[in-house]
Amino acid sequence: MLRSEKVDRNTLAQLVADDIEAGSFVNLGIGQPTLVSNYLTSEHDVTLHTENGMLGMGRAAEESEVDIDLINAGKVPVTETPGAAFFHQADSFAIMRGGHLDVCVLGAFQVSATGDLANWHTGAEDAIPAVGGAMDLAIGAKRVYVMMNLFTRDGDIKLVPEATYPLTGVGCVSRLYTDHGIFELSDSGTVEVLALFGLSFEELSSKSDIHFVDATSK
Amino acid sequence: MLRSEKVDRNTLAQLVADDIEAGSFVNLGIGQPTLVSNYLTSEHDVTLHTENGMLGMGRAAEESEVDIDLINAGKVPVTETPGAAFFHQADSFAIMRGGHLDVCVLGAFQVSATGDLANWHTGAEDAIPAVGGAMDLAIGAKRVYVMMNLFTRDGDIKLVPEATYPLTGVGCVSRLYTDHGIFELSDSGTVEVLALFGLSFEELSSKSDIHFVDATSK
Amino acid sequence: MTKIADTAADAVANISDGSTVLMGGFGDAGQPMELIEALLESGAKDLTVVNNNAGQADAGLALLIKERRVNKIICSFPRQSDSWHFDEAYRAGEIELELVPQGNLAERLRAAGAGIGAFFTPTGYGTRLAEGKEVREINGRNYVLEYPIHGDVALIKAFQADEKGNLVYRKTARNFGPVMATAAKQTIAQVEEILPTGTLDPENIVTTSIYTDVMVAIQTQSTELAARERAQGAK
Amino acid sequence: MTKIADTAADAVANISDGSTVLMGGFGDAGQPMELIEALLESGAKDLTVVNNNAGQADAGLALLIKERRVNKIICSFPRQSDSWHFDEAYRAGEIELELVPQGNLAERLRAAGAGIGAFFTPTGYGTRLAEGKEVREINGRNYVLEYPIHGDVALIKAFQADEKGNLVYRKTARNFGPVMATAAKQTIAQVEEILPTGTLDPENIVTTSIYTDVMVAIQTQSTELAARERAQGAK
């Protein structure tokens, strides 16, 4: 896939949603990944997991529906769908760690060519660290999708040969969705470029030492 | 406690029941230990655990009550009491292994002075082995009581310096209830004799190299 | 997504030779008898079976063993008064036995479902069932290292399902079902009835739909017993 | 046997200085706020607290930290927009932080309750949260060895209890309650109401009475929300 302009967050969320198979069990991380839920139609028949203890999570609660006992992992009040189920934390993380989720979608600071993920800590030594369920999500799902901008504000590419930020998980990212392209990662470190948006293959290659393979015409 | 005659199984079951504190959670093993339930009154307010997945097990089912889905660890149809709860095998054995039962009562082939238990295998090499929950019960409860005859048919004492039968658990028996006496065991290997039935302390001592301490007058 | 099969035969149709099959049940309670009979009919062989027991009398797992379709069994209590088919196969050296204490069996299945690589358990330490295994003292207590048991397929019996694949169980028939459902690549459940999605209370679901791959509705005595209980409760 | 306390103050009265206190809750959901406030009133100090977070705003755990009654906190996500009391204590070097990935936190609590000595988890492998920890490759995957977290006391919030001490929870407020209840020497539960024994369905009990040592009935917003839900269901 090639587009002449970079894509916005909503378009990217649509592209992620398009890649989720019907009937999947999915966990959407906090932030940008949450947008994906707007593009999951009833045809998708996706069941959402939230790691604080629920399968079958529904949309965000409207004001009249707010229930302090029914929240998502971002502590936002949500609703439940028919067929939902509640369980405790050990059972909830067993779903993740045990490899039962089909897809989880996460944000990131950096992703390496071999799929290392850095999304919990900027590396600033004076920062108060907080990890939550990030490391469990990173290693848990059958497919781990990451959504982020491809470049920092300073223009540095965030898909890197080796992550410089503290890692969340090793070799765990399957596919990277960015405003400038979509990338399939593997243990080999060779990155398949599935889509480019407002960026040529040559421009991309010039930004990084990673070995890219052009698969945009597939 | 001293009695001039050895005690029968029902009397022994009564003595075990007398030693179970009110409000305890208890697991009674298959065989002789099951008799204890006949002497647990409503004042005991004991809650029975069965390792196939239930707390609050009631008495054996009468013919009209038999339910194939409601059995005990011996596969005997039972009843449920008010406040009973069902759970799966991993949760059931977590109750045992986690040390949450107050007492379990087991049968035995041999018990050693330091509380090693042998109750699952006679050591006969051509026997088909079967262990069930015996090893989990042995190491699980806060107090492990064993009920058995003190002597084999051949007159050998079954409370031994070191077990010759294959072990079920190491150093796990707290107290031994037999037809000829009651014994408190500890890691030290010194055995406190709490009661003797139809056997003098001297007779007992002559049967074994174990260091016994006479506490029958306590 | 959970598929609904029309028959037990359809439900087990894709179990291949050489599979590791987890079978729920403690004695008859929770034993997926109709699925096991269908597996027998299917002809699948060279199976490794994980069950608490090793079959009783002339039914279900016992017949699979009689027909020499089971190469290996992992169980806690094979020897019973009516386990004659297992006894015969074992004495003939025609079935391999891995004897596992019941709680370690349950925990190893749970570990498989929960993504745990191995765990230290106190159960079995110092016994012949721990011979050759790694041991370690932790905070003054001795433990044995045990590994997960993964299944290719789990055959379980639940009580009710909803169309989405959520399951509830009945009394002590729950036993191994919920843990085995998490430990297999494919979980096949026989249930008494399949209710519309939304019927089961989200607070009370024991096996969530993520674990149920195939289900088939087969009424057994459990349905009658539940009806009897309801009638008594209504008195 | 489960004791019923008249007040939250009575329920927490025997928590001593230096205790490790497991506190249920994920954010406000399932947080035993009234028990934590009573603990604050009790004056107990030098506590180690285990909670998913490190307190929010000017309430509950945040106030315990403000008053410097917590020497150490074991949690997964301390830094929040309103965790100012923790932030201040942490920057002043007046509270020790052990940061644990949320799933390892839950599993370490479960291990404590289930008598597991240690377990190999893939979560955190290769990250700075695994630095200095034992690692092992098992079947081609890398794992970190993690140990149980035992509590002296667990403070949890459940929805309903029966007089025997069986507990059920409400929606995502269940979170850490059931695992913490198994992991502490003494479990203290605040519940919306205590019903006669036999009222709760034996199939649906989440925390069995064996784990509940003390309970106290305190109505919170959860009762209103459940009533609202019932009213909507009845429409």
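First chain written, first letter: the chains are A, B, C and D, and each begins at residue 1.
The definition used in the following text is that contacts are C-beta pairs under 8 Å (C-beta built on N, C-alpha and C of every residue); 3 or more make two chains touch, one makes a residue touch a chain.
Since the structure is predicted, the reported quantities are computational estimates derived from the model, not experimental observations.
Listing every chain that touches chain A and chain C alike gives D. Hopping across touching chains, the smallest step count from chain C to chain D is 1. Seen from the C-alpha centroid of chain B, the farthest chain centroid is that of A. Each of B-D and A-D has its own count of C-beta contacts, and the greater count is at A-D.
In terms of their C-alpha centroids, the spacing between chain B and chain D amounts to 35 Å. For the pair chain A and chain B, the distance between mean C-alpha positions equals 55 Å. A separation of 29 Å divides the Cα centre of chain B from that of chain C.
Taken residue by residue, chain C touches two or more other chains at 107, 110, 114-116, 121-122, 169-171, 202-203, whereas all remaining positions touch fewer.
Contact with two or more other chains is made by residues 80, 86-87, 90, 93, 96-97, 140 of chain A.
Taken pairwise by the contact criterion, the protein chains fit none of the simple patterns, being neither a path, a ring, a star nor fully connected. By the contact rule set out at the top, the touching chain pairs are A-C, A-D, B-C, B-D, C-D. Contact residues on chain D toward chain B in their complex (touch as defined above): 1, 110, 112-116, 162-164, 166, 182, 197-198, 200, 202-203, 205, 208-211.
Of all the residues in chain D, the ones that touch chain C in their complex are 107, 111, 114-122, 136, 138-139, 141, 143, 147, 168-171, 201-204.
Considering their complex, residues 22-23, 25, 45, 47, 49, 55-56, 80, 82-87, 90, 93-101, 140 of chain B touch chain D.
Against chain B, in their complex, chain C makes its touches with residues 26-30, 52, 76-80, 86-87, 90-91, 97, 99-107, 109-110, 121-129, 142, 169-179, 206, 221-222, 225, 229. Residues 50-54, 67-72, 75, 80, 86-90, 92-93, 96-97, 116, 121, 127-136, 139-140, 166-170 of chain B are the ones that touch chain C when the two sit in their complex.
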